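Look for subunit A in each of the two complexes below; its partner is subunit B in the first and subunit C in the second.
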Partner chain A sequence: MPTITIDGRQYEVEEGQNLLASCLSLGLNLPYFCWHPAMGSVGACRQCAIIEYKDSDDAQGKLVMGCMTQVRDGGIYSLDAEPAREFRGAVIEDLMTNHPHDCPVCEEGGECHLQDMTEMSGHTYRRFRGLKRTHRNQYLGPFINHEMNRCIACYRCVRFYRDYAGGDDLEALGRNNQVYFGRQCDGKLESGFSGNLVEVCPTGVFTDQTFSRHFVRKWDLQTAPSVCEHCGVGCNTAPGARMDFSGRDENLRRVVNLYNRDTNGYFICDRGRFGYEYANSDLRIKNVLIARREQVIESTGRRNDKLHREIEPPAALEHLATVITDSQRGRRRLVGIGSPRTSLENNFALRQLVGPGNFFAGLSARDLELLHTLDHIQRDPRISIPTIPEIEDADVILVLDEDIGRTAPRVALALRQAARNNQRDHARQLEIPLWQDACVRQLRGENNPIFVLASSAPASLEDIARAQRLASPAAIVSFAEQLAARISATDQPTTTDGVDSSSTPLPDALEHLLEEVAETLLSARRPLVISGCGSQEPDILAAAGQVAAALADRHGAPCATYLTCPETNSLGLAQFFGPGEGGLEQLLEELRQRDSVDPPVTLLLLENDLYRRLPAADVESLFDRAAEVVLFDSLLQPCSRRADLVFPASATPESQGTLVNSSGMLQRHYMVYEGSGYIQESWRWLVDAVNDPACSDVGMDSPAALLRQWKHCHDVTAAIAAAVSCFRDLPETGPDENFRIEGMKLARQSHRASGRTANRAHWQVAEQAPLTDPDSPFSFTMEGVQYAGATPLQANIWSPGWNSNQAIHKFQQGVGGPRRGREPIPRLRREPTAIPVLLAKQRAGQKPGQFCLVPTWQLFGSGELSNYSDAIAGLADGPCAQLNTADAGALGLEPGGRLQLRMSGAEITLPASVSDRIAPGVIGIPVGLRAAPDLGAMLPAAAEIVRIENPEPVEPGESL
Partner chain B sequence: MSSTIAADTIEVMEQQDTDPRSAGRSLTAEEKRDIDREFSHYEDRDSVALEALRVVQKHRGWISDDTLYAIADYLAVSPTQLESIATCYQLIFRQPVGKEVIFLCKSSSCWIMGCEKLQRHLEEQLGIRPGQTTPDGIFTLLETPCLGDCDKAPVMMVGEEMHRHMSADKLDEFILEKKKHHADQSAD
Partner chain C sequence: MIASQLRSMWLVFRHLFSRNATVEYPDEKPYLAPRYRGRIVLTRDPDGDERCVACNLCAVACPPDCISLQKTEDEDGRWRPEYFRINFSRCIMCGLCEDACPTYAIQLTPDFEMCEYDRQNMVYEKEDLLISGPGKYHDYSFYRVAGMSISGKDKGEAVNEAEPVDVRSLNL
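Let's turn to the complex of A and B:
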């Protein structure tokens, strides 16, 4: 490691790094704007000037830009030398000439990098008395506010948006002193990563519009580490909450990225950032609700809908306790339905209460089969699951029918970085340091090969894919099988015949690609296979597993394989069930076959909207067969209409728990703020019921009695670890509630938090006793450890002089390194099962004239919880049938027409949406929409078009 | 981009600040042919953007929003990317300009040699300020940084011709000549 001298002190620094990054890693304060740890240097702002001396005799030295100068072994530098300080002061004074004096009304104020750097450079007095240049702002959609007057033209926004995230609708416009960062005209920023502009911009040009509506300063937000609940990637977030004066107690104000190198680095997607508003929704359940007895007359509700009234929790708990006691005496059957969108703790508590035999996953058999297939592949020792940096390191990528940009957006962003690895290799050959961003991007040459096979065009891969082919799922499965056979061909020439003969012949477009993909994958050093549950087709997963296993065999090393799960805890939930167990269909079948002498059934439904899992008729049928339905949920969702008793459950940022992401990583989220009203974790409601006097008859030998021992969340966590072997590392996800640093808890509030007494002064002037947190080492006040350097659990990224999120470098092991003190994320400890070769089942194919119905995904619209967030709800498209242009032409479908589709057992009519973004012979149906939640439950399927309704029907009733 | 221009000169832009995908825009066969010729000089299609803007401006005098969208479509680049190029270069006009665009050099040599006085004279004679066009649609006055002809200061550029060692008399002569030229043309 080179040794350098800065202002008379010697330091060892990382070789090849630039001076700015080295200084920051050493903990020295050097101001900068245009440099970003994930995006490197361009030398645009001239803010990080330092003096470099030729040798120890050189008293004058020369001015160099820290971000553009590589460290030199033996180099002598000065940050404090007067010429350097003066230069930096002059640069910031110049940048500030046009910057408005609007800090008090600017949302960046208090966490503004520009404020910090201005202070740091000592520019505290303005001499400029001239007119400032002004700009008109643009409408950029429902997420981002635009305030161009604040811009200091550091170019970070376009470097992130265009260069890093591949967006093409934000650019630097104009020139000279009039440079403008915006779109060609008003309109929503199209990239799914636009929210990162809020964090990337060093000042207040781009701010969070949802946060504006209930703004508070960063120092007044209380925060704790959390995990995003809007997909299976498991990005780490730092939600911020604050007391609200509109009578809503505390509410969630915003979500920002929380640096975790392995899951999300510096960036999250817009669904994760703006989806939080569901927690503030008017549909939140805050009290215990009970169905009214009286018949509903003249109501607009549907059959069997129930109207509810509020009830005091003790009465509700007594009722639940009675039901539990009855079940212990065999007078009632308790059935628990779990959920993939809530923690292991909640699911496990329910499973423990009702017993494993009465616990169901809350997923359809098909969804569970998908998860088990995925789980099975991941268990194979030939498969390795990559972290985000490992994905960014891949050199050849194969994507099999997974719309990764919409189902796991953060992974798609990592793929975009992987596409540039050839360019980086080229730069290394030319001895250009990789942080020289503009130089490296200047190098021409081909992207790293990314091959995409999909039934509908995936988001954000088109411009980086070497080849993107649209084909039916069956053709993709067949392609992957033949690919796997070809990859292992030279080793086992005999096995290829069997596979080849059973496969359907490939369309020409795929046939030609086969050879190229096989050769490229074989020559790859770090190949990566991507697929997932998005196609809802286990064969696709199995085929992806085959390709990865074949590659691993040939390379003699595990093959990186990223398989996406649909929800935040899908993979964790699946671990509670063996193959073929726990599907909702099984429950429905059991209930259908119930004898009249069997005890009545009480369904305990945990944070799950079953209308998204099964066709609506089946869900109704399930509820019809239960004597009683008890719902635990955070939102009044469709199932609450059928519930007899509803308990208010906490949203993810209101609770502590563990989630298992698609990579099998076990991650704990902590309570950021206490939910209002009677909201508490679902597991706590169950524990409270078991502790109710009405439950005193439940004997200590009963499994349900275990719940009595749980006082803290960590108790549940430990119980899971003890009961289910793959979760045995769960306690490593975080310390228990007794953890202290020098006797102190960790503070959720900053040392500048204001209004402790004033917050509640409108009804009580006396200072309230602070809330206590029985579950975690966090306090709800400003008392305790605030410094993020003391523990990686502190989510308030702040350091003296560094109020913005840029402070993160103070807490990393080197720029872009892991957070200091942070252990690697524990993972599922699954028994390796050597899968021989997962032979894809050739499902009942479609007949001639039939179309293959496949699910398609929306970034904004397919996420259950985010659909309850205002900003996102407004962007969701309605249900439709997406059809290829050629197919539409052949069918005589006119624009604005509707399609009536017949599947086995169901018929649906949907407006048609015609484009080239869907494979011929395939009809895409957007799934997960709030307007049509159960469409996904019917897919994939073969269907025929029964009727085409053109806007002005030419031949009504025409049948094909 | 309208917002990058001083407030008193943006009326044209404001009216067109609408959906980029509005109908009724396409390039003529001649424009396409001229753009196609440029492709052979560049490695990829989007590198031709600046030349394409120049080519089309030659035919149309300036680049309207619709023209911009038409070129963006033809080059398969996003309108925002093309706008970024169009607004970066001084010689691409995103507003209507007169038939004669006067670039008056305002850099140090020309300043020493009295370009300020010259500008006042020009403004009085034409009745326009920088960024404006005369009502007859003949002259547009723009200021420019150094034109690289400092030894012949003060200078100005009109179209592709340079006017050197300028004085008030030479300016008057120039204005008369141009007015006459355009009067003749419209009479034809």
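Let's turn to the complex of A and C:
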């Protein structure tokens, strides 16, 4: 490690690093704008100037840019030397000549990197008397506000948006000091990562529009580490909450990225950032609701719909307790339906209460089969599950029918970085440091090979893919099987028996690709296979597993394989069930076969909208067969209409719990704020019921009695670890409620949190004792340890002089390194098992003339919870049937036409949407829409087109 | 020793002839300078619009944390407090809010006579705080110097601003 001298003190620094990053890693304060830890240096802003001395005799030295200068062993530098300070001050003064007088009305104020750097450079007074240049703003969609006057032309926005995230609708326009960062015309920023501009831009040009609607300063946000609940990637987030206008409740104000090198680094996607508003939705349940007796009049409600009224929790709990007692006496059957969008703790509590035999996953059998297939593949020792930096490191990538940009967006962003590895290798050869961003990007060199096979074109891969082929799922499966065979076959022709001749012949386009893909993958040093549950086709997963296993065998090392799960805790939920168990169809079947002598059934439904899982008729019939339905949920979702009793459950930022992401990482989210009304974690309702006097008959030997021992969330976590062996590392996800730093809890509020004697004063001037938190290592107030640098539990990223999120380097083990104090994230500890011979199941083949219906995903529209967020809800496309242009032509479908499709047992009519982004012979059906939640439940399927309704031709001259 | 006592007595005696500093309050009210730090008001700009832009700086500066407000944005593009509350039963009249305020909105006045039998009455909302004039600073209007456009003041129309750039021109 080189040793350098800065202002007379010696330091050891990382070899090959630039001076700016080294200084920051050492904890020294050096201002900068254009450098970004994930994007490297371009030397554009001239803010990071320092003095470099030739040797110890050199008294004058020369001015160099810290971000552009590599550390030199024995180098002597000065940050404090007067010429350097003066230069930096002059640069800031120059930047500020045009800066508007906006801080008080700027959402960035208080966490503004420009403010911080101005302070740091000592510039205080505007001497320039000339005019300020001004700009007009643009409308950039429902997420981002634009205030161009505040720009300092550091170019970070376009470097992130275009170079890093591959967007092409934001650019640097204009010239000289009038350069403009925006779109060619007004319109929504198209990239799914546009929200990161809020954090990347060091000024208030791009700010969070949803946050602005209920804005408070960063110092007033109370926060704790959380995990994004909007997909299976499990990005770490720092939601911020604050007392609302009423002075009684707190609400969620925004979500920002929380640096965790292995899951999300510096960036999250827009669904994760703007999906939070569901927690403030008008549909939130805050009280316990009970169905009213009177029948809904047929004309105003649907059959069996129930109207609700509020009841006091003790009465509801007593009722639930009675039901539990009845079930213990065999007079009632309790059935629990779990959920992939809530924590392990909630699911486990329900399972413990009703018993494993009465616990169902709340997923269709097909969804569970998908998860089990995925789980099985991940268990194989030949498969390794990559972290985000490992994905960024891959050199050859194969994507098999997974729309990764919409089902696991953060992973797609990592793929973009992987595409540049050839360039980086080239730079290494030329000894160009990788942080020399502009230079590295100049290097010639093809993108790293990314091969995409998909039934519908995935988002944002087209421009980096070496080959993207659209084909039916069946063709992709046989392609992958033949690919696996070919990979294992080379040199060892003996091992291939049985995997070849039976497979379907490939279309030409794929046949040609086969050789190239096989060769490229074989020559790869760090190949990566990507697939997932998005195709809803277990064969696709199985085939991806085969390819990865074959590669691993050939390379003699595990093959990195990323398989996406649809929801935030899908993989965790699946661990509670053996293969073939726990599907909703099984429950329905059991209920159908119930004898009249069997006890009546009470369904306990946990945070799950079953209409997304099964065709509506099946869900109705499930509810019809239950004597009583008890729902625990945060939102009034469609199932609440059928519930007899509804308990208000907390949203993810209102609760503590563990989620298992698609990589099998166990991650804990902490309560950021207390939910309003009677909201609490679902498991607490169950515990409260078991502790109710009406339940006193439940004997200590009954499994349900275990619930009585749970007081704090960590108790449940520990119980899961003891009960289910793959979760045995759960307690390592975080400390229990007794954790203290020097005798103190961690403070959720900043030391500057304001208004504590006024927030509630209008309804009670006498201050109440602050809320205490017996359940976590955090306190709800500013009392406690502030900005604990050495624990990853710190979610408020702040350091003296660093009010913006750029302060993160104070919390890392060196710039870009892991968080200080961060242990490796614990993972599922599954029994290794070899991938079984996962031969494609003989499915009822597609008859000629039939189309294959495949699911298509939307970044904004397929996420259950994010669909309840205002900003996102407005962006979802409606239900439609996507058809290939050629097919549409052959069928005579005209624009605006509708398709009537018949599958086995169902018929649907949908407006058609024609494009080249879908494979021929395939019809794409959007899944997860709020408007048509159960479309996905029928997929994949073969269907024939029964009827085409073309729009009525409008007769010329016909008047309306 | 005796000398010192005599000297003290002389000094005290001399004060018999100096002017009274105390007055017969409340019958007689002393003069308080306009900069005296008493009851807080929210002022208006010279055009009669609310000055406060809900920037939260006063709230964060306040040592007893007795100011609470929420930003909202009006149709005309201005930031305003949706509510603005001062709990005067906590206020220590330190004037830090006034120091912090970038718009001269919040000002302390020479009125210190705030006695209530019910402490709850010491909680003032925006309606109670807002006065109709500009207080001590007659001319300042934040939005005339700020870069944000509001209705009636477009980009380029603030003090010291150039015409907005037309990105599509050559901008030589």
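The working rule: the second predicted complex is superposed on the first by the 936 of 960 C-alpha atoms of A that agree within 3 Å, B and C clash if a C-alpha of one lies under 4 Å from a C-alpha of the other, contacts with A are read in each partner's own complex, and residues count from 1 in each chain.
Assume contacts are C-beta pairs under 8 Å (C-beta built on N, C-alpha and C of every residue); 3 or more make two chains touch, one makes a residue touch a chain.
Keep in mind the model is a prediction, meaning the values are calculated, not measured.
Peer 1: Counting only touches as set out at the top, which of subunit B and subunit C does A:His135 meet: first, second, both, neither?
Peer 2: both
Peer 1: Could you figure out whether subunit B or subunit C reaches more residues of subunit A?
Peer 2: Counting contacted residues of subunit A, the larger count belongs to C.
Peer 1: Is A:Arg175 touching anything from subunit B or subunit C once the two structures are fitted on A? First, second, both or neither.
Peer 2: Touch status of A:Arg175: both partners.
Peer 1: With both complexes overlaid on chain A, does A:Ala769 touch subunit B (first), subunit C (second), both or neither?
Peer 2: In the superposed model, A:Ala769 contacts neither subunit B nor subunit C.
Peer 1: With the two complexes superposed on chain A, say which partner A:Ala59 touches: subunit B (first), subunit C (second), both, or neither.
Peer 2: In the superposition, A:Ala59 contacts neither subunit B nor subunit C.
Peer 1: Pick one for A:Cys185: touches subunit B only (first), subunit C only (second), both, or neither.
Peer 2: Only subunit B is touched by A:Cys185; subunit C is not.
Peer 1: Thinking of the overlay built on chain A, is A:Arg444 touched by subunit B (first), by subunit C (second), by both, or by neither?
Peer 2: first
Peer 1: Is A:Val597 touching anything from subunit B or subunit C once the two structures are fitted on A? First, second, both or neither.
Peer 2: Neither partner.
Peer 1: Please indicate which partner A:Met700 is in contact with in the superposed arrangement: first for subunit B, second for subunit C, both, or neither.
Peer 2: neither
Peer 1: I'd like to check the shared interface: which positions of subunit A are touched by both subunit B and subunit C across the two complexes?
Peer 2: On subunit A, the overlap between the subunit B and subunit C contacts is residues 135-137, 173-175, 178, 180, 182.
Peer 1: Across the complex, what residues on subunit B touch subunit A?
Peer 2: 1-5, 17-20, 43, 65, 68, 77-84, 87-90
Peer 1: For the complex, give me every residue of subunit A touching subunit B.
Peer 2: 135-138, 148, 168-175, 178-180, 182-187, 444
Peer 1: Give every residue of subunit C touching subunit A within the complex, in rising order.
Peer 2: 53, 55-57, 59-60, 62, 64-71, 73, 79, 82-83, 85-87, 89-90, 102-103, 119-120, 122-123, 125, 142, 145-148, 155-156, 158, 160-165, 167, 170-171
Peer 1: Considering the complex alone, what residue numbers of subunit A touch subunit C?
Peer 2: Within the complex, subunit A contacts subunit C at residues 100-105, 109-110, 129-137, 147, 149-150, 173-176, 178, 180, 182, 212-217, 219-220, 245, 247, 752-759, 761-762, 764-766.
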